[in-house]
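Shared between the two complexes below is subunit A, which pairs with subunit B and subunit C, respectively.
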Partner chain A sequence: MTANILDGIVLGLQFGLLAAGLTLIYGLGGVLNLAHGQIAVTSAMTVAFAIDAGVPVVLAVGLGLLAGGFFGLLLDLTILRPVYRLRGEARVLLSLLLTLGVSFIVDGYLNWRYPLKTLNIYIGGGAIDILGVPMRRGSLVASAITLLTITGLFVFFRSTSLGRAIRSVIEDEAGARLIGIDPKQMLRLILVLSGVLAALVAVTRSMVAPVDTQSGLSITVFALIVTVVGGLGNVIGALLAGIILGIVNVVAADLIGSYISLILLLVAAAVTILIRPAGLLGVKE
Partner chain B sequence: MSSRFTGSTGTSLIGGTETRTTRSIPALLIPIILVGAALALVPLWLGDSRVLMGVAVLGLAFFCYVIGFNVIFGSTGQLFLCVGALAGVGGFGATILADNAGWPILLSIIAATLAATLIGGLLSYVAVIRSLGVIFTGIVTLIFSLSFDALLLGLSHLTGGDTGRLIKSGSDTFLRERLPPYYLMLGLALVFLLIHGLLRRSHIGWAFRALRDDEIAAELAGVDVARYRVYGALIGAAMLGLAGSTYALTEGRISPTTFGFGHVDVVVMVMLAFGGIGTLFGPIVGAITFTIVDEILIDFGQLRQVAYGILVIILFLWMPRGVIPSAASLWRRISRQVKA
Partner chain C sequence: MLEVNGLSAGYQGNDVVHDVAFRVAQGEAVMIIGSNGAGKTTLFQALCGLLPPSSGEVIFEGSDITGIPAERIARLGMRFVSAARHLFPRMTVEEHLLLGAYPHKPDPKTMSIVLDLFPRLAERRRQHAGTMSGGEQQMLAVGRALMSKPRLLVLDEPSTGLAPLLAKAAYEALDVLREQGLTVLVTEQQVPLAMAFSDRGYVLENGFIRLEGTTEQLAANPAVRSAYLGVT
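Our next item is the complex of A and B:
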């Protein structure tokens, strides 16, 4: 049981990090990016090909993160430009449809060109005991990187002026503009950041289980569900929801078998949306 | 905070932009009869090939799905991302009732359609009660789609899992002959078209247009927005369930992909966006065009998905009102300039 919960937390932190990127983009720009999982997969493939080409693993991972950030930037510079011209629900809807189109292009191309390619970073060495449970070294490294990133995010948003500027746009866009912050630039920055985060999740995921070209859709869907359960625009909510749903997923998969656990997870998410549309930590407006 | 992005209603993307509908019965009936007559001639051209007739029947099934989705999304602005799942409730429901429970075919189709109707109505009712916006409705229905898919894969003793199942019921009747399934699906599609046409000129259609254009104004004018949203979902879901179950029984073989999200929902969305969201005859244009496009792309495998991705982007970016309405307004502009 403890092993399951630990596994669930590792998975949940990764979900949370994925969702944090999505939720920030939504909070900042009212854009729902359905190509999030595809950014992760594209970055994973970049890393895999770099390793094949003989690039050292650490450098290859760096290239993957760059690819993720570049993908985010590309979205901002091309397909999201017409989205920014709209307001309200139309804006969310158009962003959702256009990024769905992007995800189809990426998925289709990768599955056509490299159907069997996977990224699997193997971290050697024996298991290490945590709370009396032997944990694989790969998942420990993965959670260490994830935790470090989360801490970094918190420091960034609490203590740097850039982080504070981004938060101010989420709180009050008009007010932020009045004190000289350009919301568009902040949004571009966040799209790059969320791309890097997605790439990071793909890399850490590959230390536990292989990431293949078909996983884009499921990554996007999980990220979306965690985002919504955590409350759109709420980073702490996203992390919390990620951990809870991660534990539910792993424990339920172990106790009752995987397809019912997926349904349970989905139902739990739907019920949360219905009971608290603003999310777990959301405040009713 | 997030209400900045979910507050307003009434856009060209949500629902169509058509403002007038014809009131006269002949003006409604004649185009439907013409469409029916034209499509009834298709077997003369393709009738010799079993494969091509199968493609044509699938095209008609999609025609029906697009009309159902059009009633839900185009008329009442509810983004139902579970078109395939609702059709699948019909398809798998009817199959299981007929094959495993031994019900008569007609009765199992009715029961499965009823189930799809109730699920669609329930989803809409919940969304309306919790006043979920377009996006949240989309996410909740997407969650329903995914759960349904997981259920199909999980209950493999009933559904055949990944590989799907063969349908025994109806195998010795006209349902599996070469031409009758085509005319059956065509009849269904024309009836749906007629229902949608009649709906538009009734007081329900009037309420649909009002709530689609401006929800708050409609509410103030005395339209019970919640009630009409649920009506829209009930009618649309009934169409989806009936089309799905009929298609399953004529096809004789179904799998989770037959009703999968990527296989049905995305295609239906592209077809509707192409023909014009909220328009009466948009679904025909979209369904015919993309049935042909799909047949051309079939040899390209995964690249077909790339093509759909590009089409989604092009359609929603440059022609959010649909290709036909866009072309029509362009034609009007040109002809006005020529006159002037």
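Our next item is the complex of A and C:
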């Protein structure tokens, strides 16, 4: 059981990072990015091909992160332009439709050209005991990177002026503009950052289990569930929801079977929304 | 310093303010008074860049800033404090003040000037803006604007939502800033407060400037006295 919970926490932190990207984009720009999982997969494939081409793993991972950031930037510069002209509900809906379109195109292309390609970064060495449970080294490296990234995000948002500027746009866009902060610039930055985070999650996932070209949709769905449960626009909520749902997912898969775990996740999400409509840490508007 | 000519602005093609012209010279305190619904807030929104004007021109320190978005105007040395305050509810007092200087490094000297002016903010450094009283929020909104060392401060109804004593205190703080050489433009419906503070003023009615003059002239005008000062 302890092993399951530890696994669940690792998975949950990764969910949390994915959801943090989605929730930030929504909070800043009222945009839902349904191509989030495809950014992760595209980055993973970039890493896989770079490794095939003989690029050292660390460098290949760097290329993958760049690819993720670039994908985010590309969304901002192209498909999201018409979205930015709209306000409110229409804006969310159009962003949802257009990014869903992007996800279909990316999925279709990857599955057609590289149906069997997977990224699987193998971290050698024996298992290490954590709380009396032998944990695979890959899983530990993945958690260490994830935790480090989360810490870095907190430092960025709490203690740098750019991080504070981004938060101020989420809090009150007009207020931010009145003190000289350009919301469009901040949103572009967050799209790049969320792309890098998605790439990072794909890379750390691949240290535990292979990431294939078909994983995009399920990554997006997981991220979306976690985002909604955590409260749209709330990063800490996303991380918390990620951990809870990660544990639910792993424990359910072990006790009942993995076919049921996605259903249980959805039930957990639905129950949260029924009890707290704005999400775990969401604020009522 | 600020010159506005023929400015019209409104929502969805319906102008609320029409052909407004006024100016603010360096070192002056100027008021735009008017009753509720006269168009003060619309005029303010058009000036600060949150609402693109439908016609006219706004000239600040010699350059035409008509229709420029708010985030760019804010960086030119003119800062706006909205009646809605637009604070960041889940950010601390200190974070607001640090952000006020964005994108520049906050100047410790300016910070201590602001905290001297509003000692309440110093006491509440770590408190979230959303949990503060109306008076404290007003102080924070002004303090945040001051952190950028503006040359012109524009305030939209600084007395909004404040008890009479707090409203008076808000204007006392503005007096201090004036003595330090800051140029101030203020819109206000609590006319006596604004009159005690300003050198000159304009009267806005139904979206048009009806009267202008020094504070003394306006205070002596029978129409102003009966409509805004409660003297019959």
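One rule holds for everything that comes next: the second predicted complex is superposed on the first by the 284 of 285 C-alpha atoms of A that agree within 3 Å, B and C clash if a C-alpha of one lies under 4 Å from a C-alpha of the other, contacts with A are read in each partner's own complex, and residues count from 1 in each chain.
Following the convention adopted for this analysis, contacts are C-beta pairs under 8 Å (C-beta built on N, C-alpha and C of every residue); 3 or more make two chains touch, one makes a residue touch a chain.
Computed from a predicted model, the values in this text were never measured in an experiment.
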Fit or clash between subunit C and subunit B when superposed on subunit A: fit
Subunit B versus subunit C as contact partner of A:V55, first or second or both or neither: neither
Between subunit B and subunit C, more extensive residue contact with subunit A: B
First, second, both or neither for A:V141, with subunit B first and subunit C second: neither
Touching partner for A:L98 - first (subunit B), second (subunit C), both, neither: first
Subunit B versus subunit C as contact partner of A:L280, first or second or both or neither: neither
Contacts of A:L73 with subunit B and subunit C, given as first, second, both or neither: neither
Touched partner set for A:E171, first subunit B, second subunit C, both or neither: both
Which of subunit B and subunit C A:P183 touches, first, second, both or neither: second
After fitting on chain A: smallest Cα gap, subunit B-subunit C, Å: 10
Overlap of the subunit B and subunit C footprints on subunit A, listed as residue numbers: 171
Contact set on subunit C toward subunit A in their complex: 48-50, 69-72, 74-75, 79-80, 82, 84-91, 95, 98-100, 102-103, 105, 144-145, 148
Subunit B to subunit A touching residues, read off their complex: 1-9, 11-14, 79, 126, 130, 132-136, 138-140, 142-144, 146-147, 150-151, 153-154, 262, 266, 269, 301-313, 316-317, 320
Residue ranges of subunit A in contact with subunit C within the complex: 161, 164-165, 167-168, 171-172, 174-183, 283
Subunit B partner contacts - residues on subunit A that touch it in the complex: 26-27, 30, 32, 79, 82, 86-94, 96-98, 100-109, 111-112, 115, 170-171, 173, 217, 221, 224-225, 228, 232-233, 257, 259-260, 262-263, 266-267, 269-270, 273-274, 277-278, 285
